[in-house]
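Structure first, commentary second.
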């Protein structure tokens, strides 16, 4: 474990060398990425920190305080490493799930700085638990990457697309040779003018897959498509993928995992656990999640998927920029009988992984272990599908609790203050 | 500083009591939020951790390793606190900025788990620095919240909206009484059927403002609008705000800060710093950021705002779920003369704060200090505007570097492999 | 009145000249717009027709059969005039309206080629009539045009926009000098990179106003903005207007008229007039107009505004390309009590005129007269507002009838066939 | 041919009966659709007209003046028939096309009331002709209809969708039995919560196909899906089709015909035919069709597809409400060499037919004949594909001419007025 105080383990270099390196950074003679390559990563981190401390007159004792494996983190996750951001982690649960990859209770760690998020989501968990557990299903859509090509016009485009169709097996062979984790599922073209997009979709097993999919596309494009067709690739990512931008294509076709979760809540649970009732919940669902998002021209028809997602992603080492995509989706809350509701969430576009990226970092690995998520080569992809099911259920918990909060607020008011308004009655008897 | 090993400072309770509390959590007799209120927060955290360790057979030594002020974090940021997620932090810069709130060089900490992000963004910083610095401007749009109301139809709606217009001063008075940080800027209505949205927009000074704005709306609705008009508020947030969902209204009207950053890059910088050239950069901009996002039905016309935003947000204690909104925006790269480019980014919807939320956490506070961001009551809002200018410049750096990466790739190929394709020439001489 | 058979009134030129002109068109020696300018319009039309008849071996007797004032039509509406398309016109009504500009019954002509549209809409009229009439309100948003400018970047953009704000009175003076029908209401800017859009919004009285607004913008740009600021206008229409493209800005800000219409329908009317019931109507509204349009990524949350609009537009001489904009909007159908519904339509973007464009053509003028729409200089704009109210009510009629048609279909089936399915019961008790 | 003056051919009923029928309509004793069924359609039309003339004191001589086959029009196109709207028709061309279904010159009738549209489009035709003809390609996507179903949740939904996949042959058999014109191409599901959409896509040959596809879906749903699965269909159209609403799904997946047209224009043609030049055309394309539509949140990235479409649709008997869908699409104009441009249009969503709907009306039939469009059972679908190719080329002509108009305007100004501005230079040397 590394602390801000200089440790003897840094004895690799003497203090004069260290001071000289700090000085050269401060003077601008050397950039942060230009420290000697043979420096131990911990030493490099400390030298950078000291330079910043000096230049900005800011002690970085807390950023320096962490327990990460610096060698790994600085190579696989973050260049010019100086330490960590510590994001508070809270625990929710038990969350009862009735899925294909989880059937039982889990405890869910969320890393967040937003007050009330954990408490509120935890309330949702209790409602779900009382109601017998959330039914969750996940579809493994796959990870996508869409290189963009330039042709001379529609005639060459049609020839190009014909070639692609006729050589799908070759594309698959070359793509899958880049990683035994990959299986090519589809090549979806979109073309107009002199531009062609090929949206490659891969099953990437337990990995989120963005990087391996990019490498596979690079190889396919470089070794096969360009030399064989003479059509130039302008960029390996043509934004028809779409990575980390809200987009209709991802809503329609999905990306990563497509997640469904749902629950039937009877009146007693609505009343005791969520301090609400069916009528009010359905009303706020209608005016907010449906009409409000319509009014706003929104792509997300939900209360706050993004909040729970971000906290879950940071805790479990997912890429937090993917919260953009995960914010798409539709919450439904429908009346059942006179006083129950059926609530569901739908997330069409959730990139997720149980290996790679931030999942190997120490705190994140612990969080995944708490969730019982551990990849098993014998059961390819199952660990991530488990993770996805848990995510679906916890997002449902977050929706239920926040939606209920709106109504109880409203309820309180309704009894107290309405019906005493000074606004004149409408002149027409509508 | 707290570590996983039981510390004497926890001596507030004896080990038997502690063991009993752990047992009751494990047995489910007690929920995580039901620990005795007089327990020290550090003790409570440890008891929760131990229970989870036992239930999930997962040691949480790393999650336990942190230096946060637990009392503060567990009250203001994260309930059911058990420790932290450690997110690796790297440093970029110097980043040269020519703004109204920064005029000079800054070093930018980014917290990320995505390999290459810091290195790539840092390369963008060097190009910007060589080119004389990014010109950045920020508009303080303000924070919004849009309660949703139910009327009896268009006649009552029109009366209601007339009342709102005629009582704007009253609304302001009540709203601003809830916090001396708030100034009401606008009430924008949107209505159809029996539904009315009132999008309140506030200047919230150096705070991101979501919570204080919600409280102000609650007061205005509860104390003024409902009793005076007799029109019921269905929910304090009607999704016309829009918080954390991608939406047209935020793109059009803005939310939080609206940020512009730009730079002119001559050929030598394109060549030496970015390994690219004007023609290829403009080409990939055209096919990817414009046509690709059009093809995808995207709301973001950029390469990867979300990546840089997420890393910046986590490092500086912003709400990472707001990355959803920040991913909106348009990058432009235009040819200038025969071999230079003019590049710009535009972010219409970036909620940001220099106080509140996660900005008070220890590591995040240090990151803000590195950026020279420190709120000053005498210069209300300036600290956050400085933060926004830095964000604009670092996002521009990230765009430049990634866009250049696409082209150099393409370039390499173009020289090597094109022109040898087997695809027959188009039959028509287009 | 003109018929296909050569009429003595064409005696202006002799038959040899006429034959020679036809021959030159057929031979391609002369283009259709190159006939002698002193030719009577009827003669020119016939000569073109004969040339086409010869070249394509197609008799055009029906296209030739019309009663238009050719001089006017060929000058004000359609160059290279050859005759007319005859579009069948049917009549609906009486339609009972309770608006500010109509209070009573009207008969509505619709020009359509789509079987069942008139009959179905007429059924909706009967329901509305029985229910006491549709409550309709219209807001006169105004006609817009958004020239696009090129600046050197954000600094010049901000100076430019400051200049625009400070010179709004000058802009108004110059703009309004181009037509006494125009009043400038707003200049809404939108800018990023090196591009600035200025969305001018005008009250254009009883005219739809697109052309006069374009002329006004041309003058303002040419005489004032460009010379005074040195900032170049790249195009008089920068697609931020937005004319005839579906767009968020028009949904948010409105364009032309913003129309609201609504009705409360009790059970007997639902049953007798619409062959439906409240429960089924609300159900199809929910799954189709709300969830279906959400699923589709649609901008229109309605059943078929476009159908009724197109028929109304063609009958009354509106620009049928504006159906694109009119298709935006939201239908709501909400349960009231146990067996009534409250239905509403909302059209935020309907360009309409009672003068200009096709409204002066003979058949269209008659249709407007049937609607009681006749511009009166003393009551500027009122004729078009009357037209808008009628449009709102007839669109509501169309929605009610089609939505009911879906349900009765469904109803019939529900009783007959459901509950006998072979699909196994779901394995989980949800 | 029918005229407003009572004709002897109406002698089927005596003048007293006629007067009595008129009186009953005026008195409201009888509705317009309640005339005796044995009345000749011409008589019924006249009686309705007279009643309206009396009630609204409006002579309808022009509406009455037409040459339609009333029996056919009143039965197949328009109930409560009273006459026609006469829409002026002009002629464009010759338009040179190099497609798979047209290779040569055509003359294109456009029915419009918008001054300058025909003249401007005709100018575009001349540029295309001089440049050797537009290259056009069409893909026959097919007509769609998406019934919406209600399930008990995700478990039943997944079972339902499995059943659909496993019974695709049965669905095809039942669907295709309803019309020998139909071939089922795809059933695309979309589901969330308790809602399932099945988007059926059919090849409908030369018919636009909306009606026959609806009938086929009705049969499939009623005879097969509901009885076999026990899952209820809530509405035959669930707005995931999507008919006549702008929507992402149609942009992505296409609907009707997907049309591509393009042309290379050298400097002399730009100069002589279009009064423009490459640089300015590319500039206005960039700022208007790309950035402007992005700024507006538009779904159409073009100048005015809708204008040309509407005129073409009315002339040829298409459904003018489909202009909504046709307005989607992307125009590209790219520089080639120093002074040429390559221009293209892309229309992903154009419902079209050469039989059915309004195509059988007398004037519309003539317009189709002028285009050489005549369905041939031996070459199923080819007539409509020819129509689509012509449409693509004429839309391209319209785009070229309007885009050029913007630039020449701009050009004129640039020389005259720029560089004399009073706006101070930007303070920063960007």
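Letters A, B, C and D mark the chains as written, and numbering starts fresh at 1 in each.
Operating definition for what follows: a residue touches a chain if its C-beta (ideal position, glycine included) is under 8 Å from a C-beta of that chain, and two chains touch if they have at least 3 such contacts.
Nothing here was measured: the structure is a model prediction, and the numbers come from that model.
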Worksheet item: In the touch network of chains, how many steps separate subunit B from subunit D on the shortest route?
Response: 1
Practice prompt. Please decide if copies subunit A and subunit D contact each other with the same set of residue positions, more than half shared, or with different positions, and reply same or different.
Written response: same
Worksheet entry | Between the pairs C-D and B-C, the one where more C-beta pairs touch | C-D
Response to the item:
Cα centre of subunit A to Cα centre of subunit C, whole Å, reads 43
Worksheet, complete the sentence: Distance in whole angstrom between the CA centres of subunit B and subunit C is 41
Discussion item. Nearest whole angstrom, what separates the Cα centre of subunit C from the Cα centre of subunit D?
Written reply: 14
Discussion item. Where in subunit D do residues touch at least two different other chains?
Written reply: 135, 153-155, 190, 192-193, 195, 248-249, 251-252, 262, 291, 293, 295, 297, 299, 330, 332, 342, 428, 430
Item to complete: Spell out the part of subunit A that touches subunit C in their complex, as residue ranges.
Response: 98, 135, 248, 251-252, 262, 264, 290-291, 293-294, 297, 299, 301, 330, 332, 428, 430
Worksheet item: In their shared complex, at which residues does subunit D touch subunit A?
Response: 135, 137, 153-155, 157-158, 190, 192-195, 248-249, 251-253, 260, 262, 297, 329-330, 332, 334, 342, 344, 346, 348
